[in-house]
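Have a look at the structure that comes next, please.
Chains: A, B, C, D, E, F, G and H, in written order; residue numbering restarts at 1 for each.
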Amino acid sequence: MQIPTLSKRARVLTGAAAAAAVAAGAFGAVSATASPAAGQQTPVRAVVGKSLNQSTHLSLAAATKAAQGALAAAQKEGQKVSVAVVDRNGNTLVTLRGDGAGPQSYESAVRKGFTAVSWNAPTSELVKRLQSAPNLKDIPGTLFLPGGAPVQAQGAPVAGIGVAGAPSGDLDEKFAQAGVAALG
Amino acid sequence: MQIPTLSKRARVLTGAAAAAAVAAGAFGAVSATASPAAGQQTPVRAVVGKSLNQSTHLSLAAATKAAQGALAAAQKEGQKVSVAVVDRNGNTLVTLRGDGAGPQSYESAVRKGFTAVSWNAPTSELVKRLQSAPNLKDIPGTLFLPGGAPVQAQGAPVAGIGVAGAPSGDLDEKFAQAGVAALG
Amino acid sequence: MQIPTLSKRARVLTGAAAAAAVAAGAFGAVSATASPAAGQQTPVRAVVGKSLNQSTHLSLAAATKAAQGALAAAQKEGQKVSVAVVDRNGNTLVTLRGDGAGPQSYESAVRKGFTAVSWNAPTSELVKRLQSAPNLKDIPGTLFLPGGAPVQAQGAPVAGIGVAGAPSGDLDEKFAQAGVAALG
Amino acid sequence: MQIPTLSKRARVLTGAAAAAAVAAGAFGAVSATASPAAGQQTPVRAVVGKSLNQSTHLSLAAATKAAQGALAAAQKEGQKVSVAVVDRNGNTLVTLRGDGAGPQSYESAVRKGFTAVSWNAPTSELVKRLQSAPNLKDIPGTLFLPGGAPVQAQGAPVAGIGVAGAPSGDLDEKFAQAGVAALG
Amino acid sequence: MQIPTLSKRARVLTGAAAAAAVAAGAFGAVSATASPAAGQQTPVRAVVGKSLNQSTHLSLAAATKAAQGALAAAQKEGQKVSVAVVDRNGNTLVTLRGDGAGPQSYESAVRKGFTAVSWNAPTSELVKRLQSAPNLKDIPGTLFLPGGAPVQAQGAPVAGIGVAGAPSGDLDEKFAQAGVAALG
Amino acid sequence: MQIPTLSKRARVLTGAAAAAAVAAGAFGAVSATASPAAGQQTPVRAVVGKSLNQSTHLSLAAATKAAQGALAAAQKEGQKVSVAVVDRNGNTLVTLRGDGAGPQSYESAVRKGFTAVSWNAPTSELVKRLQSAPNLKDIPGTLFLPGGAPVQAQGAPVAGIGVAGAPSGDLDEKFAQAGVAALG
Amino acid sequence: MQIPTLSKRARVLTGAAAAAAVAAGAFGAVSATASPAAGQQTPVRAVVGKSLNQSTHLSLAAATKAAQGALAAAQKEGQKVSVAVVDRNGNTLVTLRGDGAGPQSYESAVRKGFTAVSWNAPTSELVKRLQSAPNLKDIPGTLFLPGGAPVQAQGAPVAGIGVAGAPSGDLDEKFAQAGVAALG
Amino acid sequence: MQIPTLSKRARVLTGAAAAAAVAAGAFGAVSATASPAAGQQTPVRAVVGKSLNQSTHLSLAAATKAAQGALAAAQKEGQKVSVAVVDRNGNTLVTLRGDGAGPQSYESAVRKGFTAVSWNAPTSELVKRLQSAPNLKDIPGTLFLPGGAPVQAQGAPVAGIGVAGAPSGDLDEKFAQAGVAALG
């Protein structure tokens, strides 16, 4: 979930939060990791203040928990599925190719997750929207089949969980929702 | 730039910032935009607390300013280039296909930006790293030619600016750095 | 917009225009930029006269203005969208990934712009054409959803503006038209 | 070849040229072709004046002549080749898959043409530039092998001719140059 | 068009034809062209007799004539189109991007030609077949829109001509048929 | 292998051969297969005489025999490989994914076959050519590793056999040559 | 067919089976093939016991037999088709491009085989499922046309056979079923 | 890891194992999952006996454990990486996009895992093989950078673990090996 137009006050606060993070060493670690020789190279002018936005993401730990929650729900019912968690920026965070799941299930799961996070709704709901806008399904990366569920933070989408491989899309989506519930 | 392991305190602060943003209407707008009928659909369990990370991004306004700064620097020297700004998550934020720039310049600019933000260093520096790890250049999406510059916030990468089309990579990179400087 | 079969008279006039441009240094600059060592290399026979056509394009400055006009119209209504401007030759000139816009919006915007400039009509009109030719939507690069608007010069298409990410295609197209209007 | 920054005077002249073209029926034809029902649809604001640039292109007739000239030169020497002509905007204008030419020749010809027009130099020259910038060859769409030749108008690139399939790249390039010469 | 199961007698005859071609120098030229040093390398056992089939193809000269015939028919009616000729093996032989044709027309023409040669029927006929088998249109490389016409030799398909860019598919197909007729 | 410029006399002979094939029912079968309703549709003008070329291909039966010969040679030495046979037009005729062969072997085999038939030489020979033209290996679809062998008819290439997965390229190529030998 | 959750007892048995295979030299051969120098390199910790599953696959010999059975059935009826066999993991095992088969048939056959093995049903059955879930056909790699048949071991899918190129999908599927029958 | 040529005895044993699995309900579940209506559809002849091979795979549970082991090792050293586990058939089983890892790391991890499992060796070893066969790195799907480690069962490869994003490939590979060790 991205917060593009924070009020000035909010920005100051997150600025503080960011500073605190840096103070805690996390921030510097990013820099060191990505470019260990940053100190020696030509200095790059830092970006400050109002040019920056903060956005909220599911941590990898949480995404893994959600994916495993969805998988466990399927396994409890003897269903073989693949699971994916996709970030609000469209990047896949976690994939789990289920033992014995059909070969079509992996990419299907990724696309269901992408679709759910794109429109912030379960894909079973989104399928209905095709009645008024049938060509939505031509948008690259999407798949309009039940089995995708959005993960929300305060109503805004932060990720989508996609499940595929069960005999029906309703089952897939039940497992995806179980993945969301695992975060509660 | 992503901050994966904020201390608990930092998280609370940003939580406050996010709440402030919502109060200001921006947050709710995201929800409303993406899923106007969210109220009617099956409730989706909210994600709370420790599952969430905050990350810092260049705003689109800032990215556009940087891209235009790079382009202006090129135009001042009579050079025809294309410019791209790529986010730390690998997504392209802004592209500008220069009037009269060669057809190879557009995709080159995108890839230089991607490369700079991936390793948090100017691509002219990264070219040198190929001496010890020549196959880095086989990583999909990258281009190891001068002309890419990272945008940093407190030392961590938040975006990469890529410029292509000038007679030399050094010129391209000079213009990319001018784009970074436009954010100062 | 390309003018393939200029009358001989027209060609002479544009020949003059081109000559003027060269005299003003712009033309030579292209040559110098693209191939600074052109003077030293094996001479390449020049093309003259009737082999050449002139075509009209939106300048990058104008394309940027249009894209920002579309974005501003969306922001005024609190909508988070991505915007693209596509040339009559099918090349993307400008992209702006909106802060907080869904991950599906970027490529959607590009394809809407491509579709609008291909048929020189708003994509909301083109959607209706699918009733008689439903497979038009299978043409690579297209997307038949409202949100694309052509930019015309004397009735002929010179570019297409695509907007995506608002809750409805009608809103997307309203913002695209605002982008066109920004050029007026 | 694109002329991005025409002087105001040049623009007026080309404006006149364009008007003449419209008067001659060619321009209106473009509009009618692309959108026959343009009259009935919601009016789209026209773009005028300073937002437009003119660019010079090889006509399809000339591009075909060049491609056939290259092919004929190869046939005269008993060589089986494929030929392509690529526009300055990167679009392929003409392809000719030679009778008996190897299956690798078609795409090779297209990429050589793209490379030649991108840097406005024969690809045999461009191969030498790899000594100082070896990763130029990683730019998508390019191929750094002899056999590509630029077509220039007043020194600026308007197209590239690519030839592939002969036993040596030098032969390929000789034929490509013969294609350029056919336009003289 | 490929003749997979020639009777033994037919094979002997074509064997003679092939021998004649070799005697005339054409055959050896292929060998010499493709591998000038064939003589020095490790001998490769020759394939003889019953392992070989003969197939009939449109010559490049004929394919070019057909493409130009289609283009001329369109130009006579003031229509701006792109044209492609595709071989029975699915390879594109000739493409002509029409001056002023929309950017969607080039790939559309290629796919229409591919579709016509695949099923040996005009694409306007093939569109009707979708009533009983709607998913034929999901086969990669196809496009089910009028504008493709097969070229036949004794009833069997040897190539497909695709035209795209006119205001209606019927016009596109009329021009494609004119291309076929140019071979008569 | 394609014979583009048959002498007139050769063409007459192959015309006779083709007619004989039709009389034998094979030709008509092609037509009937591809378009069973050909009789009812708008007549399409037939192509005759000088517009047509004949080309020689490996039959599928022979290609399968060659592929199996290569596989058997590998199995005799306890090696697990994948095998592919590629036609002179670049199309893959046969693939065999070896039991236990590495996942990289399938596509490698196809590309080695493509490379061998493109230049009519074993890929071990072609690797050496990279010394003088290192960028040959950037041509799409090729792979410059030992393991590809051309199949020739009277010295001209009709197919390429590619083998991949053995511990060394020399072994791969030995097996590919065994595939060629199986046709003798 | 993959057996993901074998009971502990079953696992022990297959462990024994695997050990037997190793004792017979087959297992060691895999290791030796893939990495002949495995002995010298840094030791890699072996995986044992409960981390491993066994899955059942069609052997290449059987897959080839099935593909040839399908082809023979088509040839007996004078039909020209391409055939593919796809594994339960989605990998293509065998392809046969039929002499004279249309260029669309090769990829169609692969996708039909993929579809049949994914849902463990003939594709003619799967086409009917689109009535309730029309967007299943948007899953990447699938093709919902008759002509695909699953190969089952004890009811579970181990492969899919796809056939394409006959005048009707029913014929294609009849031949695919003949391929399955060839394994009986 | 695939065992293509099990001895007859081994096959009987695994047949017993499979039967046991079915008796335990797991097998039937596969069938029911993939095709719940299997009972009603046209019977498909079962494959029996010698047509089938058994292969050994890492379970998803084990693959997840390995991936998390690699991630934990990186986190302990404050490194931000992405991790992937790839099966011997080339399919990705698990991916974990690390919090804060560069955008290039995800696809790099997948490719390193693919490379390690393809040649059954750590990618740091495989990099050295490029000295004698430099074009190995052109095989699609591979990446020759340290950071990939094979998972072996009795010396044969069953999976590859890829790690990317740390400042050096040696670190990446150390973490990948930690992932392998987590299975011990």
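What we mean here is this: contacts are C-beta pairs under 8 Å (C-beta built on N, C-alpha and C of every residue); 3 or more make two chains touch, one makes a residue touch a chain.
A quick note: this is a predicted structure, and the numbers were derived from the prediction, not measured.
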Equivalent interface to E-F, taken from F-G, A-C or C-D so that over half of the residue contact pairs match: C-D
Pair joined by more contacting C-beta pairs (F-G or C-D): C-D
Centre-of-Cα separation between chain C and chain B, whole angstrom: 24
Where chain B and chain H are represented by their mean Cα positions, the distance between them in whole Å: 33
Where chain C and chain H are represented by their mean Cα positions, the distance between them in whole Å: 46
For chain F, residues that touch 2 or more chains besides their own: 1-5, 30, 34, 53, 55, 57, 59-60, 80, 87, 89-91, 98-100, 102-103, 118-120, 157
Parts of chain H lying in touch with chain B, wherever the complex brings them together: 80, 98-100, 102-105, 107-108, 111, 127, 130, 137, 143-145, 169
Parts of chain B lying in touch with chain C, wherever the complex brings them together: 25, 29-30, 32-34, 36, 57, 59-60, 64, 68, 71, 78-80, 87, 91-100, 102-103, 106, 165-167
Contact footprint of chain F on chain E as seen in their complex: 1-7, 9-11, 13-14, 16-18, 20-22, 24, 26-28, 30-31, 34-35, 37-38, 41-42, 44-48, 50-62, 65, 87, 89-91, 118-122, 125, 149-158, 177, 180-181, 183-184
Complex interface listing, chain A residues touching chain C: 1-5, 53, 55, 88-90, 114-115, 117-120, 133, 135-136, 138-142, 157
